[in-house]
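Each of the next two complexes has chain A plus one other chain: chain B in the first, chain C in the second.
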Partner chain A sequence: MIKYIIRRILQSIPTVFGVTLLSFLLIHMVPGSPVRILLGNHYTPLRAAELSKTLGLNKPLWEQYLIWLGNIVRGNFGFSYTYDKSVVSLMFQALPHTIVIVVVAVMLAHVFAVFLGSVQAYFENTKFDQIATVINYFFYSMPTFWLAVLLVIFFSIDLPWLPSGGIVNTQLSNPGFGDWISHLILPVGALFLVSVAGWARYMRSSMREALLQDYVRTARMKGAHEFRVIFVHALRNSILPLITLFGLSLPSLLSGALFVEEVFNYPGMGLLYWDAVNSRDYPIIMGITVFIGLVTVLGNLIADILYSLVDPRIQY
Partner chain B sequence: MIQQSLPIEEVPVDSSHIDERPNFMRRFWQSGMTKLGIVLLLMLVLFSFVGPLLYRHSAITSNLLATDASPSAQFPLGTDSVGHNVLAQLMVGGQSSLEVGFAAAIVAMLFGTLYGMISGMAGGWLDVVMMRIVDILLSIPSIFILLFLNVVFQPNIIIMILVLASTAWLGVSRLVRAEVMTTKNQLFVEAAHALGVRVIRVMVRYLLPNIIGTVLVAATFQVADAILAMAGLSFLGLGLPPPTPNWGGMLSDGMNYMFQNSWWLIYPPGLCILVAQVSINLIGDGLRNAIETRER
Partner chain C sequence: MAEVIRVDSIGVEFSINQHYFHAVDDVSFHIHEGETLGLVGESGSGKSVTSLAIVRLLAKSARVTGTVMYKGRNLLDMTVQEMRQIRGGEISMIFQEPMTSLNPVYKIGAQISETLHLHQRLSKREAHDQVLGMLKKVGIARPEEIMNGYPYQLSGGMRQRVMIAIAMICNPSLLIADEPTTALDVTIQAQILRLMKELSRDYGTSVLLITHDLGVVAEMCDRVAVMYAGQIVEQGTVDDIFFATHHPYTQGLLKAIPKIDVKIKERLQPIDGNVPAITRMPKGCRFSSRCPYVMERCRSEAPAFVDIGERHYSRCWLSAAEGLEK
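Moving on to the complex of A and B:
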């Protein structure tokens, strides 16, 4: 077991390096030099040559990569072109906002998807199951950004219940906890709805298989209540694939967060990235790409290790 | 009975597969959901490609006397803030969405299949390196890469196809490799090797027929993904440049006017994207079910 965990960690190290190399190369595909962007109107060939030297841009590419990598390892992601702040401080400002909506949405979506999928599998091919399947399909195919726009129309324009964007009501002198929560509901709701649909479909088929197993029949024969049969005996095994699925769905969750943050003007990592792309702020683009790659690799690693811990049938 | 002597190499190795093809097609057609998907997709194709022939209005002319007009007899779906005819725009936008979606999926399918087959057949360190590259590219969410690429290369329709394909092939190559790994150790492949059939021929004649089903299913879902990704990029303001209308861009323009209750700028483009997603996903599910039943 320990051996497997160590091997799995070692396996992900080349991927991490690959991610850094990829984002470094992507930035260097960009035509035009960063010196020109940095100097702007103050551009003269002499100043450009000086700045290239201080930034180390006249060194060979592989040396630049190593220097950059060394900086990243020490937590230095460089300096933003547009904000006059370090990339790390900008990311630390944005990160908590993204974590809040993604984590809350994922937890709610998991609980609800497990419940819905299980109940659907139990009442397989009844009217309830068919209607739920159609609704799932609808949300599964729904573009995240359109869903987010619709939520704004329904719940902040037609029914003026919730704010349409931002994180606080700037007109309040002392916006409290309730205000913060009310700004979270729609972004979380959008991410929740698009995640539930896929997971519930998966859970339904997983539970359907579990309900056909012998141990479920045994549980019924010894007189266990149906509720106990589904949510204790069958659930334990059918929930396992969802752990892997969570690791695999991290990239799509982060893309979803990007769209949601853009629609709700919610100052998280996605919005920061989108702004950076629009203003060609390459240090931020590089920093976020590397960071998101790390998160994804780490998420998959944790999901795999968790899976091996909770499923005693797997031998390594 | 006369014994027919066939050249050994030409023995139809995958006859079971060919025998069952009619059943496969029947199973594919039998499902009501699949039929619904095909009908919806056909409607979308007719709307985008035949529609403009019947409804002859320019999508890119600004009717400056009728900006932000609500739906009327002259403009069945109203006009946007610069007086573009929304219905005409939807039709033309559908053309680029469908063309780019299918083209990107085909490019991704060809490249992903080739890549996955080489990786799976080669094995050893080459396989490890090739698959690690896929892992690396997959660990950055595609929309982040696509946004960046669209800033670097000002996209036209060809570049858009290549950019979308540049992330779409990854999943296909993984699937193909996994299929090749399970198929290449089967007896008929070993027999082909023993007979001295060249590796390229083994790949094309012996392996490809066995994995084509999986590839087709994956490619179908890639069409939906590519259409969604392109709409998303346009929604974020980084799609095909104007004046080419497209659904995502129309939606993001409409979003600026949602407080004026201009529903005709928000529901129609969103609905078009949704119909494209639902129809193609339904067809993909139908294909997958038909293939999985065959293999059972």
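Moving on to the complex of A and C:
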């Protein structure tokens, strides 16, 4: 197992290397230069040349890449152009906020999707299943940002129950835990709803298949309760596809919280990324892209390890 | 001897395009304590459907009529909870496919002890000891090791032994074995059959053995019921069926068995045609479309199941005529 993990980490080195190359090239292909944005109204060709030199943007592209890569290898992701802070410290500030909403949303969504999908499969083609399917497709096909905006309209504006954004109520002199939680509900809710919709579909089809297997009939013949048949016997066999989805969803959620964070003005990785793109803050953009690449590799590794825990036939 | 189970005129209907069709029609039989009844027939004759109807494991869309009296109570009237007590505790079942009948993700020991825990209050230690003892009884070497193993590590024969252990661990009164050896190779078949015979004798368990293999019937059974197209067409002792064969279908079955002492030039005699689909059953006798002795009456009127002496029953106009003569 340890050997396998080490091998997988070594195998992922070329992948991460590719990610660095791609993210570097892509961001430099995007029109608009950071120099122009940083100088704004103070733009003169002389100042631009000066700033380019300070930021190292006047060197040939391949040289810039090698310098940047060399720094990354040493753990130095560079210095933000706009915030006057190191990229690593900015990411460390934003990451916990993102992790809170993503972890909570992913956990809740997984548990609920597994439950809903299983029950739908068991009551296949009944009214309940049909209604749940329609609701699922409704949320599945809805763009995340639009859903987020709708949530704000319903629950912050029409019904003034929850704050529309941020993480603390700045008007309170001593904002407490409850205030913090109330700021999390809508972003977590938006992520939860879009995630559940897709995952419940996968779970439904996987559970449907499992319920037709011979070992399910064996379990019934032992005298097991239907609840036990579904959630003990069939569940563990049908949950593998969801573990794959979990691994794949980790990076997209850490970055895909982007729209949600943007709508709710939530100071996580997504918002940091968004602002960096708007101001052509190359070090932050590339830093986060590489980080997402690492998380992708990690997510797949976690999924593979979970496989072997769930299914004894899979051994490394 | 007392009857363990009496199946009285059960019928099973499935709906196909909003029409109900009989997959099993007017099937009756009983099994005494310690007795083995063979239920024989081609694929699609309704053997498995009959057995699943008894334990009520058919899909909800199936309509079951008739009565199944088990120790004085009708299984078909029981509540779901009562039925769960029966399954695994009093009536258990082993299936045709040992490769897929065990849950691939749980340990063998846990799968056997599950039946115990569902029906008896036992400590972990007691359950463990019972499982160990059962594994030894079904002839598994290194039982401690197997208990901690998973199904994928076992061969088909071993898995069927484990299935038998699961079925027998609560000492049921009736064991339903649905083609238990069909998926196994011949040498393993013989071992599994011998094991079932020994266990049913030692435990005094009645067995309903479903098979299409008349060799297995001769080996294992006390009495035989032959099924054709959802009905029992002939029922009697093994001797009756093999040596005083009555129904043309049973005769056909026996002629279709290859024998080792017959000259090579003689060809096997298959029964022409196929079992009719349940959507297009012949109007009269269901075997009339394939019967070599078919008469005018057979095509219009269905024969009754008549006693042709010494509890030997046959569903045929020829037998009915003979019965009247007696």
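Heads up, the rule we're going with is that the second predicted complex is superposed on the first by the 257 of 316 C-alpha atoms of A that agree within 3 Å, B and C clash if a C-alpha of one lies under 4 Å from a C-alpha of the other, contacts with A are read in each partner's own complex, and residues count from 1 in each chain.
Definition applied: a contact is a pair of C-beta atoms (placed from the backbone, for glycine too) under 8 Å apart; a residue touches a chain by one contact, two chains touch by 3 or more.
These numbers were taken from a predicted model, which means no experiment stands behind them.
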Handout entry: Room on chain A for both chain B and chain C (clash or fit)
Key = fit
Practice task
Would you check which partner chain A:Gln64 touches, where first means chain B only, second means chain C only, and both and neither mean what they say?
Solution key: neither
Practice task
In the overlay, answer first, second, both or neither for which of chain B and chain C A:Ser182 touches.
Solution key: neither
Exercise for the section: Answer with first, second, both or neither: which of chain B and chain C does A:Thr244 touch in the superposed model? Expected result: neither
Completion exercise
The chain contacting more residues of chain A, comparing chain B with chain C, is B
Handout entry: First, second, both or neither for A:His233, with chain B first and chain C second
Key = second
Practice task
Please work out whether A:Gln213 is in contact with chain B alone, chain C alone, both, or neither, and reply first, second, both or neither.
Solution key: second
Handout entry: chain A-centred angle between chain C and chain B, computed on Cα centres after superposition, in steps of 10 °
Key = 80
Practice task
Look at A:Met221 in the shared chain and tell me whether it touches chain B only, chain C only, both, or neither; answer first, second, both or neither.
Solution key: second
Exercise for the section: Would you sort A:Thr82 into first (chain B), second (chain C), both or neither based on which partner it touches? Expected result: neither
Exercise for the section: Pick one for A:Pro143: touches chain B only (first), chain C only (second), both, or neither. Expected result: first
Handout entry: Which of chain B and chain C A:Gln93 touches, first, second, both or neither
Key = neither
Practice task
Quick one: minimum Cα-Cα distance, chain B versus chain C, in the superposed arrangement, integer Å.
Solution key: 16
Exercise for the section: Mind listing the chain C positions that touch chain A in their complex? Expected result: 55, 57, 84-89, 92-93, 95, 97, 100-107, 114-115, 118-119, 150, 152, 163, 166
Fill in the blank from the handout: The chain A residues in contact with chain C across the complex are 213-215, 217-225, 233, 236-237, 310-313
Exercise for the section: Quick one: which bits of chain B touch chain A in the complex? Just the residue numbers, please. Expected result: 132-133, 135-145, 147-148, 151-152, 224, 228, 231-232, 235-238, 248, 251-252, 255, 258-259, 261, 266, 270, 273-274, 277-278, 281
Exercise for the section: Would you tell me which residues of chain A are touching chain B in their complex? Expected result: 14-15, 18-19, 22-23, 26, 29-31, 137-138, 140-146, 149-150, 152-153, 157, 251-252, 254-255, 258-259, 262-263, 273-274, 277-278, 280, 285, 288-289, 292-293, 296-297, 300
